[in-house]
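One chain, chain A, appears in both complexes that follow, with chain B as partner in the first and chain C in the second.
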Partner chain A sequence: MTLKNILIIIRQAPYSSLLPAAALDVLLTAAAFEQPITLLFMGEGVQHLLSAQNSTGSGMKNISKALPSLELYEVDQVFMEKDALANRKLENEKLVLQVESLSLNQIADAIEKADQVFNF
Partner chain B sequence: MTLHLINKSPAKSSALNECLSVLEASNNSSSAILLIEDAVYSALKHPANMALHEKIKKLASPCYLLKEDLLMRGLHAELVEGFTIVDYAGFVQLSLDFKKVQSWS
Partner chain C sequence: MQSFTLVVFGAPDSQSSSTALNYAKAVLKAGHHIYRLFFYQDGVFNACSFNTPSQDEENSSVNWQTLIQEHELDAVVCVASALKRGIVNAAEAERYELAASNLRQGFEISGLGQLIDGVIQSDRVVNFLP
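Right, the complex of A and B next:
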């Protein structure tokens, strides 16, 4: 099987729509086929990393709970947009996963290098 | 070599703004933006669109508008300069010209 470098970008805030959960479905499907995957949280999407989230009773899926186990699926390329947390005064919040930051320039590079980009 | 597709009104979505921020920071100008559906409202001379238009003016990459979606919405007179209008055939040609197409939802 041909391997494709897949970049998944999550830009929507948690609980704003079904898109972030769909992004996770795409990610896990691609991971099942052993495709090299990069996951990037950008803009409001960085809020998925906040560990204080609690969706109990809302009926909505808290995708942050799945993030620490992505390594089990060999998804270890997880990044966030640099300054996106700081711009929201969230830089001191506890995160579900320690991820590296990418500048906008590095994000532009990642988009160019990927064979396929899924932008949610 | 990416064609960036945007289909949301700038009043509802930050997609165009975020896409422009990435392209501004990029080292290469071989990408392009195509605005379709409600994203064609981004070309209106509305004060709320001014910041976007400034970014588009400075951008090395071209920004296209889909003609059919403009006409459907009755937009043709009050568009700012700096956009290139393409029809559906042009849309198909663009998607062939670029290595990949990505939609900003």
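Right, the complex of A and C next:
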């Protein structure tokens, strides 16, 4: 099977739209097709990494719960935009998953290297 | 020649849907191939056959259907998005004991796997976000 390097970028805040949940669905489907996947949280999207979330009453799925188990689907390339947490004074918050930070230049490289980018 | 998969996230009347439709026409006019149209989230409303806008408005559902049928395009509607929004074909209507089916002819209901297949098989996948 042809392999495509798929980069999925989540930029929307949790519970702000259906797009982050769609991103996770696309990611898990791509993983089932054994495609190489990179997941990147940028901008408001970094808030998905915060562990102190209570989705009760939002009527929406808490997709952050699924993030620690991504490794089981062999999705181990998970990154966040450098300084995005610090810019929101969230750098000392507990995260659901420890991920490496990428500078904007490194993000540009990742986009360049990807065969397909999904920007959610 | 390049092959394209287009992903439509927006409902009829949205910029997402109308831009995707114009883009699809431009792709075909330029001699490229559309491997698949994938209707996702609110985009599934483009596949509803019950859409009846006023006479002075475009019916983008019909416009999509015309393009699909003229060029024999593969037009897939995401099953989870569709069921959630009440877009069903005859088989789903029967399974869920619904009063009617409303999937417009030319469209078919299938899973998200068809989107990833589009990624694998096409040169480019272009997303039209809401």
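By our rule, the second predicted complex is superposed on the first by the 120 of 120 C-alpha atoms of A that agree within 3 Å, B and C clash if a C-alpha of one lies under 4 Å from a C-alpha of the other, contacts with A are read in each partner's own complex, and residues count from 1 in each chain.
Keep this in mind: contacts are C-beta pairs under 8 Å (C-beta built on N, C-alpha and C of every residue); 3 or more make two chains touch, one makes a residue touch a chain.
None of the values given here were measured: they were computed from a predicted structure.
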Which of chain B and chain C A:G43 touches, first, second, both or neither: first
Contacts of A:F33 with chain B and chain C, given as first, second, both or neither: second
Chain B versus chain C as contact partner of A:Q116, first or second or both or neither: both
Partner chain(s) touched by A:L18 [first = chain B, second = chain C, both, neither]: second
Touched partner set for A:A108, first chain B, second chain C, both or neither: first
Set of chain A residues, in rising order, touched by both chain B and chain C: 19, 115-116, 118-120
Chain A partner contacts - residues on chain C that touch it in the complex: 40-41, 80, 111-113, 115-117, 119-121, 125, 127, 129-130
Chain C-facing residues of chain A, complex: 1-2, 4, 6, 17-19, 22, 25-26, 29-30, 32-33, 35, 115-116, 118-120
Interfacial residue positions of chain A with respect to chain B in the complex: 11-12, 19, 42-44, 103-105, 107-109, 111-112, 114-120
Footprint of chain A on chain B - complex, ascending: 1-2, 14-15, 18, 21-28, 31, 100, 102-105
